[in-house]
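Sending over a structure as structure tokens; questions will come in a sec.
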Amino acid sequence: MSDASAQPQVHHLSPPTGFIRKHVFSLDHKVIGLQYYGLALAAVFIGMVLSWLFRIHLGWATAAIPGLQFFSPNGAPGGVITPEYYLSLLTMHGTIMVFFVLTNAPFAGFGNYFLPIQIGAEDMAFPRFNMMSFWTTFAAFLVMMAAFFVHDGPPISGWTAYATLSSVGRDAGPGQAMGQNLWAVSIALFCIGQLLGSLNFIATTLDLRTKGMSLSRMPLATWAWFITACIGLLAFADLLPACILLILDRTAGTSFFNPSGMVVSDNLQPHSGGSPLLWQHLFWFFGHPEVYIAIIPAFGIVAHILPTFMRKPLLGGVRVLIGCMVAAGFLSYMVWGHHMFVSGMNPYSAILFSVPTLIITIPFTVATLIFLGSIYGANLRFNSASLFCLGFISVFISGGISGFFLAQPSLDTYLHATYFVVAHFHFVMAVAAIFGIFAGTYFWMPKMIGRMMNETLGKLHFWLTFIGVYCIFMPMHYLGLAGNVRRYSAFTDNYLIPLIPVHKFITVAALLTGAAQFIFFYNLIHTRWWGPQAPDNPWEATTLEWSTTSPPPFDNFGGRHIVVTADPYEYGVEGGATDYVMQTTTGAATKH
Amino acid sequence: MSTATYTPPQTTAPRTRVAVPVVTATKGIPSQTGVWVAVSAIAMSFAALTSALIVREGSGTDWHRFVLPRILYLDTIILIASSFTLEVSRKRFAAAVSSSVAPSGSSASIAAAQRSDGLYWLNMTLTLGLLFVVGQVLAWRSLVFQGLLLATGPSTSFFYVLTAMHGLHLLGGVLGLIYVGYRLRRNARNAQTSLGTAAVYWHFVDLLWFYLLMVIVIRM
Amino acid sequence: MGKVFCVALVIITLVSVYPIFAHTWWPPPTISKTGPSVDHQLDETLIGTGVLFISSQLILAGFVWAFSGAKKKIKSWPGGATPVVAFGIIIVGLEILSLTFVGSKAWAAMYMAPADEHALHVDVQAEQFAFFFRYPGPDGVFGSIHPDKISDANGNYFGLDPEHDVAARDDIVVGSLAIPVNTPILLTLHSKDMIHNFYVPELRLQQDMVPGIDIPFHFTATTIGKYEIVCTQLCGLGHYSMRAFLEVMSQSDYDSWLKQQSGD
Amino acid sequence: MRTKYFLALTIAVLLGSGMLVFANPPAGSGSISGKITYTGTPPKMKPIDMSKEPSCAKQHATPVMTENVDTGPGNSLAWVVVYISAGDQGSSAPSQAVRYDQKGCQYIPHVLPMEVSQQLQIYNDDQTSHNIHPLAKVNSEWNKSQPPGSPPIDTKYEKPEFIPVKCNIHPWMHGYFVVLNTSHYAVSGPDGSFTIKGLPAGKYTVTAWQEQYGQQTQDVTISGSETKTANFTFKVLPY
């Protein structure tokens, strides 16, 4: 902590010149933001490829994938994916996507880059912690990747790593030896990184706001990042000790999660008295807030972008949405038990957990209605960013609706652990958050790299993705209704065999939608080096990031003291040269 | 957080960008905010561990109490003492600041004396902190001699986990104090604030130990 | 572009809901006493959420069509935010209340109500990756379980000790669950290694089987037939292949089955 | 010049052949045969319920029984490994690979003896994924799955050990790898009989191993090309 007070001093006068200081171990929040974004980009690519592999396996269980045997001779002999390798792919897909994409990109990535700018600060409160935060996360990523190359492969216990499968060790199956150890260590490191990040976000938001930037004048994106940081602070502080206990159970012979008298692959385990449910409680107390850590930043990003392209402020101003996000964040700590309705927990507590879970739909319903009500009477401008915002609203509705089913214990007894659940959280958490990331990318890239992205490619990317995700995840609801259990590497049960064609359809859709993402990758890379120069405020937006150059100078505002004089979303203003009022009028941004 | 007492550092120091700290710091002191945020996070993770302890105690029939090493109580006293010495050193430094701004001519020497006095008490605090860690290690050794190891039973497992995690946090505090002392010796800008920040953390770790001791005494 | 988005969204919405109206993929007919209440609950939720889903998607589509592009004077929602917020709270609140009251009843009937005291008692052992079922045999007493005796090699899945434990000698251990129809069944769920799950879609019931805990679990099957018991809790590499059969028989068939089992 | 080469060549050939002669163990013509029987009531073998794996269940008209105590007429005991545990005068190096099959969700053979560092090939002849998990303690343990259509697993063991083999997907599948230091071994057939061939004259210790009832030994002396008899009797328990 004592390092903290040194920060106002370590602020560097002039940008560092050395490559290492400038691009690698940089203290500049903008560079760190881009580093997070790049890490998420790499992670999302890996995660997508993994999903392709196991989708192919689900459609055609005995199909040989040429070349895979060279990557994993044990996992895919002759290119045919074994049941345990399917689970490994699934586990790594879930872990990578949830932790290294959905937490990194919308929160740590965009947040690091734009939170200080949007509040008129010239850097985060603790640049050194900021740098440590990224490099810890990066180390976590490397450790996670290492699991692919250990002897018997990555862990097979799913991203939730339920004890006792995760806590027993190698007897539990291939991948549960070193692979699971690496998993636990990686997640522990990730927690540390995110804790440092959250600390930074909170302190920065509270203390480094410039003159006139009152809390009610903060853009919704900043609000979302702030709230997310508050959620993450507690969530990751809960997961970290859980991971430590798991590692001890696996390596030090303790019995936190391992009960007595377990016989795993004919070996009587030397444990006594542990509680497998304890892991589930610790995990989901983190796990449910984690869902909101993924979705609330995306929510804020959309709420931040939409007014710009509607050319009108949101219905009811920013306060309603802020209230919704705060309420959701608060409630998210009372509902973890709805993941455990049939876990052997006391059936009475199921009802206690189900009520707040249903109540949590209220803030999100209100927020959705606010979005819809805001579109009424707007002057919608269509481009990649705004399209992804509208797409976000649609998929968020689709995903939120299915929450009504799973929040009820009496339906969970039928739908629990079926593809209905997979469809639900992919729509509401994964796809919605990814749409938020895409919207943010198309909206902010001009500012981040100073070049305009290609709109035609962007729109094409939107349409293929939008239709694609519905083709992938809508059918999963039907599978769930038919009782199709998730995490099955092949469908041998009589009642599942008729459903295989649906899986084939989903696989094809997934491959095509995945292929469409290469348009995005191409667009991004092409823009980075060959895109046309971006003006300072291409979207006629109002918030502070648009009153500086693209990309912003090293200290964000070229030494100008920003004084905020207006609310964040003053659009549709009449009687002026423009239909909008910038948040600050101090010194027009210097042109290129 | 205690933003009221804070006077924004004026732009005297040549190394800071012109007036930027004035703008950025008007809302509060980042380090102060940060330390409170960190404290709440640490509190959260120990709360998680405590609830885990309670669940685990209920889940199995193998929860055995064991005799706590007496040295734990001595450690507690040491830690409380360290909090006091830290406060003393803070007072000295505060006095040093006030007397250095006093108009009288001899003030400089007085200030110097008070500063060195403060440093003395700071070092005392550091020593006590390290002494505490040594004491914890001794406590572990005595358990080990009784054959109570990490994996012996759930109660010992939790004892080792809790004390180890607390010890790590305390060592972090020690490092922080060393850094602060270094800054104070260099008479760096708002090193005072750093000391205050470090004190908040140090007292928290102190309280945390109190809480843990309670848990341990009641449950083990 | 707005019109295109509108049309696309309308098509997506209609296509999405069609299979649900058409019951193209649907839960298998229920065979348990408590099943109908779950189905009724499911239908109610489908109707309620279906209305919300279609209406909100169509409103989004309509607004995007109506308010795209043209440089006209912006309007704001008549009445402002308050009625919208109120509307949202009320409609969802009502939905929640109705669902919770009906749903809790169904849940209570399945999980909170105690089992019938005359229920037929069967012991279930889950392991990687199979279920095994144990009937007390003629003496009506279950032999005690000794984890150290558990062995797949000689088929001692429950860890019985017939050498010293007389009650264990006539225990019947089989690989599929045979039960008489319309008789309350009380299962005791054990697991010897991982967390498994006992799921029969037709029963509309599932329950985790947690190592270290014996979980009671009761139901009544109302239709004769052969159904699949599957595991829904990731338990290792063979998770997908972990299943057994639930054979609901007439009382007479069941009796003869039991006699034949204890015979050999 | 040329003669020099010739000389060198002949010497080399002579030396080589001579070494070969001495290296080869004396190929004996003696043999040991006998019958494995039991006393007491054997445990009842249980029928295996394969209904969870239809592709296998339909391969068996009558339900497959467990094989850990496989008895036959005349109290004969099958699947007992008999081998030379001492006095063996060097074995011929393992020539061809031994084959282990997974067919109809059974391990074939139930007990597979092999020589140290002999090539072992494991085939999956079923239309379903199998998993081979030899629970080795002395040798290195591994655990691999074998989906239908994937190549045979090719491996070997370097230290002598009795290794239980299980399939993690089909819990009833159980067998044994018996890794031996000798090439002189046999497995008792359904009638309990066995024959160890190719033994040179000498004093031998013969060991019989049964997966549930452990080992027994006898000393046998062979002179010339005779066939000695060595019968083993295991005491079995009903439970």
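A, B, C and D label the chains in the order they appear, each numbered from 1.
As a convention for this text, a contact is a pair of C-beta atoms (placed from the backbone, for glycine too) under 8 Å apart; a residue touches a chain by one contact, two chains touch by 3 or more.
Please read all numbers here as calculations on a predicted model, not as lab measurements.
Under the contact definition, chain B and chain D share the contacting chains A.
More inter-chain C-beta contacts link the pair A-B than the other of C-D and A-B. With centres taken as mean Cα positions, chain D sits 47 Å from chain C.
Averaging C-alpha coordinates per chain places the centre of chain A 34 Å away from that of chain B.
Our note on geometry: chain A versus chain D, Cα centroid distance of 55 Å, whole angstroms. A straight line joining the Cα centres of chain B and chain C is 51 Å long. Touching of two or more other chains is recorded for residues 127-128, 152-153, 212, 236-238, 241, 243 of chain C. Contact with two or more other chains is made by residues 59-60 of chain B. Shared interface positions of chain A, i.e. residues touching 2 or more other chains, are given as 82-84, 173-174, 259-260, 265-266, 273-275, 277, 490, 492.
Interchain contacts (touch definition given at top) occur between A-B, A-C, A-D, C-D.
Interface of chain D with chain C (complex): residues 43-44, 46, 48-49, 51-53, 66, 68-69, 128-129, 131, 145, 164, 166, 168-172, 174, 211-212, 237, 239. Within the complex, the chain A residues that touch chain B are 1-9, 11, 13, 120-122, 125-126, 195, 198-200, 202-204, 206-211, 233-234, 236-238, 240-242, 244-245, 248, 252-256, 259-260, 272-275, 277-278, 281-282, 285, 555, 559, 561-562.
The touching residues of chain B, counted against chain A in their complex, run 1, 9, 13, 15-21, 23-31, 33-35, 37-38, 40-42, 44-46, 48-49, 51-52, 55-56, 59-63, 150-151, 154, 157, 161, 165, 176-177, 179-180, 183, 188-191, 193-195, 197-198, 200-201. Chain contact summary for the complex, chain C toward chain A: residues 1-2, 5, 8-9, 12, 15-16, 19-20, 24-28, 37-38, 41-42, 45, 48-49, 52-53, 56-57, 59-60, 63-64, 67-72, 74-77, 80-82, 84-85, 87-89, 91-93, 95-96, 99-100, 103-104, 106-108, 110-112, 127-128, 147-148, 150-153, 159, 192-195, 197, 199, 201, 204-213, 215, 228, 230-241, 243. On chain D, the positions that touch chain A within their shared complex are 53, 128-129, 131, 133, 135, 141-151, 153, 164, 166, 168-169.
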